[in-house]
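Next come two complexes built around chain A: one with chain B, the other with chain C.
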Partner chain A sequence: MIVRTLFFATYRDLAGTDELAVELPAGARVADLVRQLRAGGTALSSLPETPVVAVNMDYAPAATALRDGDEVALIPPVAGG
Partner chain B sequence: MLEQTPPALTPDESLRYARHLILPHVGPAGQARLRAARILVVGAGGLGSPVAMYLAAAGVGTLGIVDFDVVDATNLQRQVIHGTGDIGRPKLDSARDRIAEINPHVRVEGFALRLTSADAREIVRGFDVVIDGTDNFPTRYLLNDACVLEGKPNVYGSILRWEGQASVFWAERGPCYRCLFAEPPPPHLVPNCAEGGVMGVLPGIVGSVQATEALKIVLDAGETLVGRLLLFDALRMSFREMRLRRDPACPACGEHPVIHEPIDYERFCGVGTAEANREDRMHDEDVPEMTPTELKSRLDRGERVTVVDVREPWEWEIGNLGPQGARLIPLNDLPSRMDELNPQDELIIQCRSGARSARAAGFLREQGFQRVHNLAGGILRWSDEVDPSIPKY
Partner chain C sequence: MGASYAAVVAQPLDAARIIADTLSPEDGAALLFWGVVRNENDGRAVTQLEYHAYEAMAERELLRIADEARERWGTGDIRVVHRVGLLEVGEASIAIAVAAPHRGEAYEASRYVIEQVKRRVPVWKREGYVEGAHEWVPGFTPAAG
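Coming up: the complex of A and B.
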């Protein structure tokens, strides 16, 4: 299955883009997506192990099951003011 | 929120607030509530500027403002409550003057201090609504915990580059900041506005959202951002929102909270929780500093030291210590490029102001580099004390 992965703020710098289509095995969960991104040999290896994730704009714990076509947003904390 | 019936508006007030008095959800009773309200604005910077100005114009009776800083020329591109003539003045003073100009009916209570665990609860306790317009994680966590403990709504906003976030964290009605971000991010993911840049108008938008939410809370009008995180992207000009949940395991507002008093997070922030067990060791061995004049005299004596600039390439372009042998390894690249450095060498780590380089130096010491110094005050202080031809930014 393919999930549309969106990156915000500092995570965009790590991804080098604001959006990636990521292919995952059937049955994959949020944690699997994060693990795959971290293991890709890119700057995304700096992602936290459990970043804040929203699936279809709902807060999603790491164990949330993903489905083909889901939109997954990775949202970093931002401190500026 | 307010129990007693406040006194009627004066003719002068009725004229000033005429467009509110005919507005559904405000009217004379709502305007009187605004006048009786006490709102605390923490930070008179990018976010605090529009928040304080709009709340003052709207007729909020008492504005508390917390800021210890002084107006700097680099603030003016976005901190619109301060003017060119205010450079060098305390932000509290220029904010007070501007608010008096906008609306003399508003009472300003100033707190010229950096919020700490010693005073955060007491200050927050005296207000109905709190606005988080701070610019750093330690104060954001401190403020969240103080608001949870005191049962106050925390109107949150934060900005970076072209993007912003806003929400209302109110433990009595929904999640708090820690339900979302339980732990601070690792240091290399934490640029502030000085390091990451920020589009000047961005805090105007996010701060105006915060001001709106604060007014709605006082007026008990509409639906606030409780339980929703608003994500604004100015480049795409898009507002998205993420639905949040209370975390039953939240350390601040969960079923078994472990935070019973606000904690000073200066020590904690910038250190990922995975590394928390190493935290004390890291901080007990504070990285030794070297002043620019000391570095200059050592270089002049021909001593062998290696200056490592951990800023971004575009910052290097503005001015650098290349003539002094400095080499550029941006902070993000340091973990993958530290093998370019010799652990036997004496390393002077340098950035713009000394904050990023302190994190980099701490990281290198963790990795076994023994002879590491942080250049105190960064290239800004080098420009002040050694070489004024280096532009400041």
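Coming up: the complex of A and C.
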């Protein structure tokens, strides 16, 4: 399956892009996506082990199961207002 | 009962219009929280702030927060508008308008909304300093799910 992975602020600086299409094995969870990004040999290896993540615009724990086509956003600490 | 409205916009915020759009004849008061860019942070002179948002999720989260506040304090309309893009010192980054039959509820609800915005809404800002550097401002880590 393929998930659309979005990066913002400091994580965007690490990724060098706003978004990536990431291929994952069936049954993968948020934690697997993060592990794969951190292991890719890029600056994303500096991502936290358990970054805050939103799946389809809802905050979601690392154990959340992913499905093909999901939109997964990696959310660095927020500073709105 | 009132309604909630939330938006993330790139244009300057219009305080008079936001208040007017929030009031209805049942209301006896409206409060406007007007958050602006300040000229210093942590002792460094700031010249501008660049706001970024995960816009679709930010609007959803702002709407949820406004709904929570209306439900808890029984206010009238709550309208939250967050600006994104490059802002100069003195420009507004956020407007929170709360209308209510009585002032007490409006103050409580307004305070709740801004505190939750700072904790949960996916918005980030990068400060530009007088000496030319740019840095992301450290923020709150939202609870995961």
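FYI, the second predicted complex is superposed on the first by the 77 of 81 C-alpha atoms of A that agree within 3 Å, B and C clash if a C-alpha of one lies under 4 Å from a C-alpha of the other, contacts with A are read in each partner's own complex, and residues count from 1 in each chain.
The rule is short, and it goes like this: a contact is a pair of C-beta atoms (placed from the backbone, for glycine too) under 8 Å apart; a residue touches a chain by one contact, two chains touch by 3 or more.
What you see is a predicted model; the values in this text were computed from it and never measured.
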Query raised in the report: Is A:2 contacted by the first partner chain B, the second partner chain C, both or neither?
Result: neither
Query raised in the report: Looking at the overlay, what does A:65 touch: chain B (first), chain C (second), both, or neither?
Result: neither
Query raised in the report: In the superposed arrangement, which partner chain does A:49 touch: chain B (first), chain C (second), both, or neither?
Result: first
Query raised in the report: When the two structures are overlaid on chain A, which partner does A:39 contact: first (chain B), second (chain C), both, or neither?
Result: neither
Query raised in the report: Which positions of chain A sit in both the chain B and the chain C interface?
Result: 8-10, 13, 52, 54, 57-59, 73, 75-81
Report task. Enumerate the contact residues on chain C facing chain A in the complex. Result -> 35, 51-54, 56-58, 60, 82, 93-94, 114, 117-126, 136-145
Query raised in the report: For chain A, which residues are in contact with chain C within the complex?
Result: 6, 8-10, 13, 50, 52-54, 57-62, 64, 73, 75-81
Query - Touch list for chain B against partner chain A, complex - result: 43, 45-48, 132-137, 140, 157-161, 163-165, 180-181, 184-186, 188-193, 196, 198, 203, 229, 231, 233, 240-245, 272, 274, 332, 335
Requested in this report: Name, in rising order, each residue of chain A that touches chain B in their complex.
Outcome: 8-10, 13-14, 43, 46, 48-49, 52, 54, 57-59, 73, 75-81
